[in-house]
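Heads up, the next two complexes both have subunit A, just with different partners, subunit B and then subunit C.
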Partner chain A sequence: MTGRTMLAAVALATLMAGSAEAQISVKLGVLNDRSGVYSDIGGEGSVLAARMAVEDARAQKIIGDDIKVEVIAADHQNKPDVGSNIARQWYDQDGVDVILDVPTSSVALAINQITREKNKVFLNSGAATSDLTGTQCSPNTVHWTYDMVQLANVTGGAMVRQGGDTWYFLTADYAFGHALERDTAAVVQKNGGKILGSVKTPFPSNDFSSFLLQAQASKAKVIGLANAGGDTVNSIKQAAEFGITQGGQNLAGMLVFVNDVKALGLKTAQGLVFSETFYWDENDQTRAWSKRFGERLNNRMPNMTNAGVYSSVIHYLKAVAAEKSKDPQKVLARMKAMPTEDALFGKGSVRADGRKMHDAFLLEVKKPEESKGDWDVAKILAKVPADQVFRPLSESNCPLVKKS
Partner chain B sequence: MANATTAGAALPADTNIPTVLHEPRGTASFHLKVFIGIAVALVIAPFVLYPVFLMKVLCFALFALAFNLLLGYGGLLSFGHAAYFGMASYLSAYSAKVWGFSPELAILTGTATAALLGLVFGAVAIRRQGIYFSMITLALAQMVFFFCLQAKFTGGEDGIQAVPRGRLFGFINLADDRVLYFVVAAVFLFGLALIYRIIHSPFGQVLKAIRDNEPRAVSLGYRANQYKLAVFVLSTTLAGLAGALKAIVFQLASLTDVHWSMSGEVVLMTLVGGMGTVFGPIVGAAVIVAMANYLATLGAWVTIVQGIIFVLCVLLFREGILGLVARWVKRPL
Partner chain C sequence: MITIFGVPSAALFGQLLLGLINGSFYAILSLGLAVIFGLLNIINFAHGALYMMGAFVAWMLLNYLGIGYWWALILAPVIVGGVGILIERNYIAPLSFSDQRQSFVLIGATAIGFLVLSFGFSLSATLAFVGAAVIGVAAASIYAWKRPSQSSTVHVDHLYGLLLTFGLALIIQGLFRNQYGVSGLPYGIPPQLAGGQQIRLFDAPIMFMPNYRAWVIVASLIVCLATWFMIEKTKLGAYLRAATENPTLVSAFGVNVPLMITLTYGFGVALAAFAGVLAAPIYSVNPNMGADLIIVVFAVVVIGGMGSILGSIVTGFTLGLVEGFTKVFYPEASSTVIFVIMVLVLLVKPAGLFGRAS
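== the complex of A and B ==
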């Protein structure tokens, strides 16, 4: 292992030589699930998105030749200790400046702490927990793409405004499911909707039939699926077998990605309503980018997590170029001061609590006969403006906000 | 150390412990050399390798050693050791974070939890043998997993985060990775020495007798169940010590540590390293953790490579890596 230390020494020497010539080398580490249940959500797609961001930043002259960028990736296997070990090693030994993506809340919260301790930059795209900008918010973290508050606000609020004003919940019986139900129910009621009831389903579960029948019997207009991953997929599949959406009820998935819909197939998932902050088929710019993305990844379309990684890297590199430095505090201050703009999310901003602000979509899965292509899976029901999407600063429980 | 005469003297004269005969002369001094070698390696290692990685290896090595004590010397295959490892890690993290315990107290709290849990679960499980024993331990561990998933204090799937490392005995600052490393290394060496002592004590000899032929041990007048329960509790306590330590090292406790796949991983470590060898689990833990760490960039291939290594291990050297080495050097390790 002396080879490793020598390598580190060489790397350090080149780094020093680089700084003498006023060169900045930035190392971006994409840390996500590359082998497990979320590998389709983040995985290789997010690594590609980061690489594309670097290439585009160079092509669009956002960064010049004086800034070198390297992208590396690793698999955290959805285990906080594995992720935490990699992150520490990246920061301490491998000279990584920024960690990107990191789905799975427990791992994201661990990286959040380490990044703060080591004073680096953490641009999270993949995790849902709103604690990242709430009780556990950190000056070194920007939560880019989505969070639980947004999912509840958009799916709950916009659904009620669309006429889905009576709800019944299928809730996965653990902390995450309970929180999701509580948050969404609050939004539904605030918007004038009514909760007809809810049923707790064992976690994880393969058989949702009795719960779905209860939901069907409740005559609620919307059945909210307060679950994630395999539970969501199973409950949607079984709802299709019972013909729930054909019966006039709507299924609302709280945490569904476009890849999940593709995997389920339109026949099964049709009529399902869900929320993402990015949809590839929104406008010409997103379509063009997604086409380039797909060409390099088996014609797969990007989801919001991938898009978020791209967008966050672009903004970070802009800040580095503007500061002519990669000093984390300077760059983060610049990132928060400067408005964001890119092809995928349009205009936006980064708030003091680390929340990236942008619009979000309420999407509905198309019927098979409406679809014009492999990935033409959803239509946009509503576009909700950023200030109605995320938790307002006035309600924030982030200590950084109280100080200012 | 334990040679034939001292072990024989401590036991009733009519018992003939077979394992004692396996150890050729000079084994004790050879083991002493191995111990010194390990101690030297532990001192040099942090200057060559990344300390946090090493601490992880040591935590898992201690966990595997504890497991091996039960499987290799007690002949009991527990398939729920993650429960003790994980619960200890939760209690250690919780007491350090919420109750503000100092690290040594937090680790003791975690370890004591595992011991207590082991006593209760062990009392239930040892009543059955073989696969039934394994299934009972697995079932009880699953109950612990669901408890951790539902209970408020564990933070559900977010786990307990931002656990302070604190100051050991009030004046040693553990925030420095190197300092913490030497504390972990010391605890590890203590655990290793303890396990070595247990294995080579009269108690350990009786255990091996029960492992090899329980009815015979019973007919000789030993209360097999008491011995089994004792080794079960010792094993869970040491597994708990490893888990509690890990919570302080990584400053978090999560569902990963109580999940059944963790119970599987420790079986893997023990088998790859060498079941029933004293030092084998250390090698096994190092191999498995190093793979998970250095192959992380390979993504999905990690699990495939792990699987292939396991298959090769079972097909080519069933006694594990150190079992193979032990055959070369013609001494038990």
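== the complex of A and C ==
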């Protein structure tokens, strides 16, 4: 009660003083898969992350009482047309200023276009396509958490350096899988490795045993899994069953989330090497935040997509507070000028092409006896600096980047 | 080594063996569908969801009660079969009733139960919904108790049963998704069947055959043949087939046709749950696992001939082989090849390979 009275008093005082700053109200829309195959990757977790970011920003006095923030959410069902309709409705009628998350590359690319057309802000966390900061880059988009180039550089590069110099790919037969195979193959070849072949698997597939035997017959040292979600889980599960890893071949999951590791169980997944840009058990700060997250969501631990949403909202609100405005161009310019810093990703920056720069981890799934808890699934093998994992500006094909 | 179209023959045999394993799943699932369609004239779209439920029940038995794979292989089909019986009695059978009061009781009790549980006891949506469904079914059963059982032998249009079971499938999937998420749950291979054998042919290694996959083939063959034998060669099976032909006449002989129908549905559903338990150690256990598979299984049933028992078994295994073959020569087409065959078969034999033209 006292809080409210005080608030009223302060409001009254500022009004009477006549120097009241205009209220800014910001509306954030979390647009992701809330019911389908990627709903554990984004879904409610990302909505919670956005809400926590707003609460923390207020508690840490990043934003004052003059900035009001509202978070809303919708399900894009992994369909570009559904996602586009929601985005237009949000921008045109509901007064949404920022769209967050958006996994599924095809939907993300559609939202990227609409956001540019409407001059709003798009902070992507969930999509993998590196085209968001490449050929399709936009001044209104920041690609926050990860991308294919980073996945390929960290996982692919590490495997080749460990001696895995011959590769065979199991590639999900759609744009995402093809692009992931292409990017990884480039990294492998750059590091002196050789590609022995690949098999395109229908998406989604239940049974990978036939494809795994073809990979086995290739005698490649590394079997690269250019797929995601249920396909990855199925292929790893069946590789263990058919004794592929015992036979001396290694699996490299190109896009693996902690949720996938949890779904496989440590017994099956142990030894699998993968890359993330956030792991909940990295340090005290990430553990504390993840614990708060879990308490509000069935004791689930956040994955890198959820963490990316949190981090991007914090940085956006910092920029709004600094500009005292929500004008998209001003805020975006400020976001790119200001270094980023938060509890989850540490220090970083946003580049001219919209790429958020931070370090990436190379992780390995623990053995069952090494694990101390339900979610204690991986250990960090290496932390790779940002400038070694993302596409350097000198190789950028983004029209926003001026070539010197 | 001999090569066939550029593929070493040994590798080819290995791939065909794998195709046979996938065929086992198609066979058990399509068999259940065929049994249900034959007697109830219902296209059971909830089959995939109940297959998924079988896998989840196996997981729950292990993680909540510590009951392992072998008991789950028996218990999960019994439990899911029981759910199937409740579904048939309370949702499917009333479709052909002339008096819909039982359905009103069911809907009313479910709705009130949901409101009370979610607001009165502030349970989570999933738990409240499951609780409400139990209350609704209990209320409807009490209402229907000792009332003369209504004739449910009138064949209603396929479309109603199809829509109803499709709706049920979406609800069941949604409930599991809400509770467990979509990533899936781990379920290990039973220790007795871990490992595998190197299969050789004339001293040439063909493939590494996991023991568990060999068990899948054996188990599904036994179940398929036992079902075929029961329906085609026993007295009970004769009643079933007679009731399919002319339910009114059969009930005039004193056979309890509605009971038989209910138990048949329960049995068909139990077959799906059995396949679900078989699948749990090798496929990802997630709420969408049935939805992905069921489309292919429907194609198998159509190719084999709707309602034909032998047809669904033979086609199930054969199409598994065809799919395995495609995965070697043109992997991109392996998910479409079954539908191509379906189109060709329908053009030549509209009733399916083993179906009788009506």
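General observations
Everything that follows uses one rule, which is that the second predicted complex is superposed on the first by the 368 of 404 C-alpha atoms of A that agree within 3 Å, B and C clash if a C-alpha of one lies under 4 Å from a C-alpha of the other, contacts with A are read in each partner's own complex, and residues count from 1 in each chain.
One rule holds in what follows: a contact is a pair of C-beta atoms (placed from the backbone, for glycine too) under 8 Å apart; a residue touches a chain by one contact, two chains touch by 3 or more.
None of these values were measured; they are calculated from a predicted model.
By the document's definition of touching, both partners, subunit B and subunit C, reach A:173.
Within the superposed three-chain model, A:39 lies in touch with subunit B and with subunit C [touch as defined at top].
In the superposed model, A:131 makes contact with subunit B only, not with subunit C. Contacts of A:84 after superposition on the shared chain: subunit B is touched, whereas subunit C is not. When the two structures are aligned on the shared chain, A:191 is found in touch with neither subunit B nor subunit C. Within the superposed three-chain model, A:211 lies in touch with subunit C and out of touch with subunit B [touch as defined at top].
In the overlay built on the shared chain, the residue A:260 is in contact with subunit C alone; subunit B does not reach it. In the superposition on chain A, contact of A:243 is made with subunit C only, not with subunit B.
Using the contact criterion defined above for the overlaid structures, shared-chain residue A:105 touches subunit B, although it does not reach subunit C. When the two complexes are superposed on chain A, the residues of subunit A that touch both subunit B and subunit C are 35, 39, 173.
Every residue of subunit C that touches subunit A in the complex is listed here, in rising order: 11, 14-15, 18-19, 21-22, 174, 177, 181-189, 195-196, 207-208, 210, 212-213, 282-284, 286, 288-289, 292-293, 324, 327-328, 331-332, 334-336. Taken together, the subunit A residues at the contact with subunit C in this complex read 35-40, 173, 199-202, 204-207, 209-211, 213-214, 217, 229-230, 233-234, 237-238, 241-243, 247, 257, 259-260, 262-265, 267-268, 300.
Considering their complex, residues 1-2, 4-5, 34-35, 39, 43-44, 72-82, 84-86, 88-89, 92-93, 105-106, 109-110, 112-113, 129, 131, 136, 173-176, 203 of subunit A touch subunit B. The touching residues of subunit B, counted against subunit A in their complex, run 48-50, 52-53, 56, 149-150, 152, 155-159, 161-162, 177, 246, 250-252, 254-257, 292-293, 296-303.
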